[in-house]
Amino acid sequence: MFQTIDHNNKGFITKGQIFQLLEKRGLNTTDPHIQSIFGFLNRRAKDTKIQTKINPEKITEKDFNTIIKNHENFINKIAEDTLIIPNFHKFSAQIEAIFKKTAKNKTGKVATYIPQLAQIDPDQFALSLCTIDGQRLNLGDYNTHYCAQSTSKPINYAIALELHGTKKVHQHIGREPSGKSFNEITLNKAMLPHNPMINAGAIISAALIHPNKPISERFDTIMKTWEQLSGGQKPGYNNAIYNSEKDTADRNFAIAHFMREVGAFPPNSDMKDALDIYFQSCSIELTSHNMASVAATLANGGICPLTNTKIFNLETVKNCLSLMYSCGMYDFSGEFAFTVGLPAKSGVSGALMVVIPGVMGIALWSPRLDSIGNSARGIEFCNRLIEKFKFHNYDNMMIEETGRTDPRHK
Amino acid sequence: MFQTIDHNNKGFITKGQIFQLLEKRGLNTTDPHIQSIFGFLNRRAKDTKIQTKINPEKITEKDFNTIIKNHENFINKIAEDTLIIPNFHKFSAQIEAIFKKTAKNKTGKVATYIPQLAQIDPDQFALSLCTIDGQRLNLGDYNTHYCAQSTSKPINYAIALELHGTKKVHQHIGREPSGKSFNEITLNKAMLPHNPMINAGAIISAALIHPNKPISERFDTIMKTWEQLSGGQKPGYNNAIYNSEKDTADRNFAIAHFMREVGAFPPNSDMKDALDIYFQSCSIELTSHNMASVAATLANGGICPLTNTKIFNLETVKNCLSLMYSCGMYDFSGEFAFTVGLPAKSGVSGALMVVIPGVMGIALWSPRLDSIGNSARGIEFCNRLIEKFKFHNYDNMMIEETGRTDPRHK
Amino acid sequence: MFQTIDHNNKGFITKGQIFQLLEKRGLNTTDPHIQSIFGFLNRRAKDTKIQTKINPEKITEKDFNTIIKNHENFINKIAEDTLIIPNFHKFSAQIEAIFKKTAKNKTGKVATYIPQLAQIDPDQFALSLCTIDGQRLNLGDYNTHYCAQSTSKPINYAIALELHGTKKVHQHIGREPSGKSFNEITLNKAMLPHNPMINAGAIISAALIHPNKPISERFDTIMKTWEQLSGGQKPGYNNAIYNSEKDTADRNFAIAHFMREVGAFPPNSDMKDALDIYFQSCSIELTSHNMASVAATLANGGICPLTNTKIFNLETVKNCLSLMYSCGMYDFSGEFAFTVGLPAKSGVSGALMVVIPGVMGIALWSPRLDSIGNSARGIEFCNRLIEKFKFHNYDNMMIEETGRTDPRHK
Amino acid sequence: MFQTIDHNNKGFITKGQIFQLLEKRGLNTTDPHIQSIFGFLNRRAKDTKIQTKINPEKITEKDFNTIIKNHENFINKIAEDTLIIPNFHKFSAQIEAIFKKTAKNKTGKVATYIPQLAQIDPDQFALSLCTIDGQRLNLGDYNTHYCAQSTSKPINYAIALELHGTKKVHQHIGREPSGKSFNEITLNKAMLPHNPMINAGAIISAALIHPNKPISERFDTIMKTWEQLSGGQKPGYNNAIYNSEKDTADRNFAIAHFMREVGAFPPNSDMKDALDIYFQSCSIELTSHNMASVAATLANGGICPLTNTKIFNLETVKNCLSLMYSCGMYDFSGEFAFTVGLPAKSGVSGALMVVIPGVMGIALWSPRLDSIGNSARGIEFCNRLIEKFKFHNYDNMMIEETGRTDPRHK
């Protein structure tokens, strides 16, 4: 990397040159992982202890090697442009073009069952992506908070898996698409929810998160997980949404009572508390900027690419992606799996979280929903993405295709 | 490769040495692709015209370069052991160990609805695999013919896609799991079969294959496709099965009449002919040796690795794998997708075709079926395969896992 | 009766006076029962042997007593106006008023799935009624033949009951409303048709009619039963309808194949023959005049009031009426039972057969069907009938109601 | 009647002779109707004002005529043994024989979902019948109180009909059998409960009873109706049952939430209050003695035969009987309608209320339930009743049957 920057062989490089290269590669110097390597260059002498001797405006090769110690592999990828998405600026431009085309879509309607959603400016549109190497792109209203809603379902499911393992969790929740409408009051043949991506299953996921602890601690576990998934950024919480959700939740109460009656709840769990945690989880708020980090963590086998922290086990992520793929898009799941071929989860706020396993996570948000309840622009963006890039689960990577490219490093 | 073999620098190598290396890599000298390069070494002088001057027992480096001309890339992979499965013999031993463990499974019952299936020796067990580089392994009864049955469904669907394209085919067949039993007399909300992997959809696939041609020509198209997929080996045909199937096909007649009534058949198609072609397709017979080539072709983006012939387009293969993944294992499809995570198709004969995209195809056959109708040993083998190898669709390839390996070349 | 007619004490009465009184009571001298008593008065001397000495224009009381011997009870009812509907002319006028109001209804559409039904003049409207004492009223197109269609279902069910008894018949057919659409391809939990009033059940009824005899004899049994039910009038048969029905019967073939597959057919029965008999039964043609006699026989416990012949056992009639009440009006059965409260069976030809148990049978025919498939005018007539008369199954006969009367003799 | 008693022409009769005849006819001197005529004979002089001059031990014909003034018709029936069941003692003996046979049935299990039901002595068996003329028979544990449970459904439905009329009530409740299990969480196509005899519909009936009044007044309306239906006897109330019902009512809460969500509740009604009234109604307790009066009132067109008070309109009763007939016996309703052919309603306490329209009401109680949830002895009794008597809805009254009699006066 030193040589890459110092192509004129001056013998030293500057902080500015480093940051310029990082930015060119899509890396953000404020992200924790980059901060941990280069962050001190921005701080005053008194703030840093170890590397005080290095002059940010005149970094020698030796200094540089000290700085990047233990990160050689990552730094080489940066230098050689072999991060998972090489030529990130070209890729960003392609994504932006798709984003702009999609922004013209004004079809669909915002959800109106609670006033908090009904009053949202329907024209908003945010896209953030984050690769497994931490490369990031933000477009549109990426700094606006929106409600997680059903995008909280895979996260609570993952937390339940971490706490209990696959076997125990699936003694209480099925793992197949239902063939039924997402909010139908129906259980599978074993009298369990069909899967954790529908309301019934998500209520059981909630019930499985520390059932013996007080609600406040249980919800704290969930919030801390979101914070870690967001690369250390605390999520917001919309209490008005929570109150409204609870007041209009007849169908969820119906399914919860039904489940309690047939004994679908795990032992020692409390139905009302589970519902409460479910409603609270739906009321968590994020920016697409942070949601992209969440999705990228799932793309990266459970390790947040912004912090290199392991948050979920491989098996947790595998299960989560499997069910997002088959069941994540309400009644459109089968069609989405066929045409787009990516694990994803949508929410009634217009949220959409898409995972390209081993490559990146994408967070979209646009409040207008199609008739099935997915963000109309979200769906269009995904279709355009797959038209352009070989990201479909069953795309063949070895055979070239006219008009479609695979932008990932091989 | 010359150097690899001539490691003592004799200046020449022998036919035997070449064939020994090929075999070590899992390559079969009788397969068309290998034949086309090295086959002439086995023939007498008068059989070959071009390369008569080369002495199979004393091949110089110059001779060798002549032989491998246009195949340098493939030959290098052989020399460097960088075919998709390096160290094929180790991998083969691992597969064989799983095969032997699975062979102990004597659970399940052979299908009895027709005498031809009821009378089959239930202990038979065959496994063949074929990688996208043509590496092959055969175990057990791999030379015995068995009926394709429902493994013909993805092939007829693929043929229909080749003839009409995705859009037109799916005006007549859905593309989602049904959430219903595989042979239920039910259609989706659009009054179409739920997908081409269930009987209703397969009857429509059959209806879409050259509806205006005579049945004999239509079936010929299907047989020729199987021949190509098998690397040029003609499939067999079991007329007794065909007759029995037709005689016991009340459910298929029921669903066909129902579909005709609601207008689900494509224009100009004949219900009875479609059923006939459907029954005939089920009666095609293959060895697992050849079925592995069929699966490998799907793993290889539609190009048969034994002949390098392009049989299906990328989109055809993508669609086919998508629906095998979500709908290929009868009522067990969702569970199989979750736990095994691979596109597969089973048949009532005990046939099971598994595709590891970009890696290999596996053909299994063992007649005893579990309660859902899948080969009991087939299912067990797949479970053991995934316990050992990182072949699950949502396995993360970049993070190592204790006890599970990724045998593919990276 | 003699006194009733001879109120001036002339000492004799005339044929004309007798016939005038009969007519006043709603009795038809051409009906077999009346013919058997008074018919000879119309014939020339040579045609009759026994009563030649009686002068039709001068019948003494002694003569009269000879004539009515063995019929005293019936004759007294005539004289005293205590037949089941006293003051028949008033009642007829009330029915005619309803008929005329109903005739204004031009809603609905004729069935078009076969040309024979599509081409029928949709404005036709026939009403015939026949009491359990043989009193008759005919209005509109009562002499036009129309197809029995589904009104043949209760008759074939009744024939099956006569041949095998309740227990055996209902080993093969259920006896409850299905809660499903009448032609859905669905069976009950025991994998039997829900009841004999839907297509599936009617096919099984057909299968149960002399399964070991040739089709011609089996159909002959059916035709002879209709003849008896019609008071000796031979029904017609529309072969063009039969051919068309058979050609457009995909749903019936579907349900029949489905039933054969699950073993719903009785032992030794042939599916195709059963379907054939089913289609033929649908193609029987009657006038409303004769259909009213069919309905009256059911109202009269299985004895045809025109001939006093016992055709069905009490248990047969009881079963038949029970299921006509709960299942006879397609998807409207429940609503019809609630609002009209009478056993009835409709057909796609616009036929409607209504039974007022212990009182009368009514046959209506008007080809325009409502969206559920019942004759639009037929339904309206029944609603108006119940508004006016206390004929609902759960009307209380002992408490008077404003605006509604019970015209039957008490 | 005077003559009937005074057959020796003594010129006077005694109180004892009158009461003996009443008893012989099945009439109970303590019942209000009889009391109002003959009750004063039992009282001391000072208790009665009008008839003080009559000597109960020496009643002359003139006295007698004074006593029965305005009741001549009823008294004549008593004298002539032409009450609806003549020869009541013979009939009673026949019923008692059936009762004794049925008592041997020890199959079935008491309901155990709440302790109050689980702890009941399962061997108890009560039968009471009351004719439309007030003739009564009591057998077994007829003085023991048991919970109304679902037998409260037709009563609340009737109250709702009285308050709003057929049209309005059925804007909120369907009126057909559902073809589904009685407590399935399902609504009809109009998103309304299928009928008022299932839980969903009964909750809506409760919601329709004075929705704007306080719960206490609403329940009071219900209790007062039961009191009137019982001939003035106040029903009991089991608060422990109420508490238990409420605590175990997940399915009812589920269906209520579901209904509220889809807007099935009437405007201005409160879901929780409706549930409360529903649970309270289920907790009303009666003896079979009083329940027979309830059933008899329905048999008598809404007029209680013990008091001659009009409680329900004819239309209310008609609707109620229609739906008891088609939907009153849970999943056995269709089979019961076919085989027994009478309107009836069962409850999980083992209660069974049967109506023979125009004849009598029968109340049965035996706690052991069959697998469908109906009283095992209750069902057996009904079957035996219909074997012996021509009480089936579609029995033909004019044709005699071997082994079956019609005991009613004609």
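Letters A, B, C and D mark the chains in the order given here, with residues in each chain numbered from 1 onward.
Here is the rule we go by: contacts are C-beta pairs under 8 Å (C-beta built on N, C-alpha and C of every residue); 3 or more make two chains touch, one makes a residue touch a chain.
Since the structure is predicted, the reported quantities are computational estimates derived from the model, not experimental observations.
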For this session: State the smallest step count from chain A to chain C, taking one step as a move to a touching chain.
Result: 2
Exercise. Shared interface numbers for chain B and chain C above half of all numbers used, same, or below, different?
Worked result: same
Exercise. Counting in whole Å, what is the centre-to-centre distance of chain B and chain C, each centre being its mean C-alpha position?
Worked result: 63
Seminar exercise, completed: Here the gap between chain C and chain D, centre to centre from mean Cα coordinates and rounded to Å, is 36
Problem set entry | Per-residue multi-chain contacts in chain D, two or more chains | none
Exercise. Got a list of which chains touch which?
Worked result: A-B, A-D, B-C, C-D
Exercise. For chain D, which residues are in contact with chain C within the complex?
Worked result: 132, 174-180, 300-303, 314, 317-319, 321-323, 325-326, 333-335, 337-338, 341, 343, 357-358, 392-399, 401
For this session: Would you tell me which residues of chain B are touching chain C in their complex?
Result: 185, 250-251, 253-258, 260-261
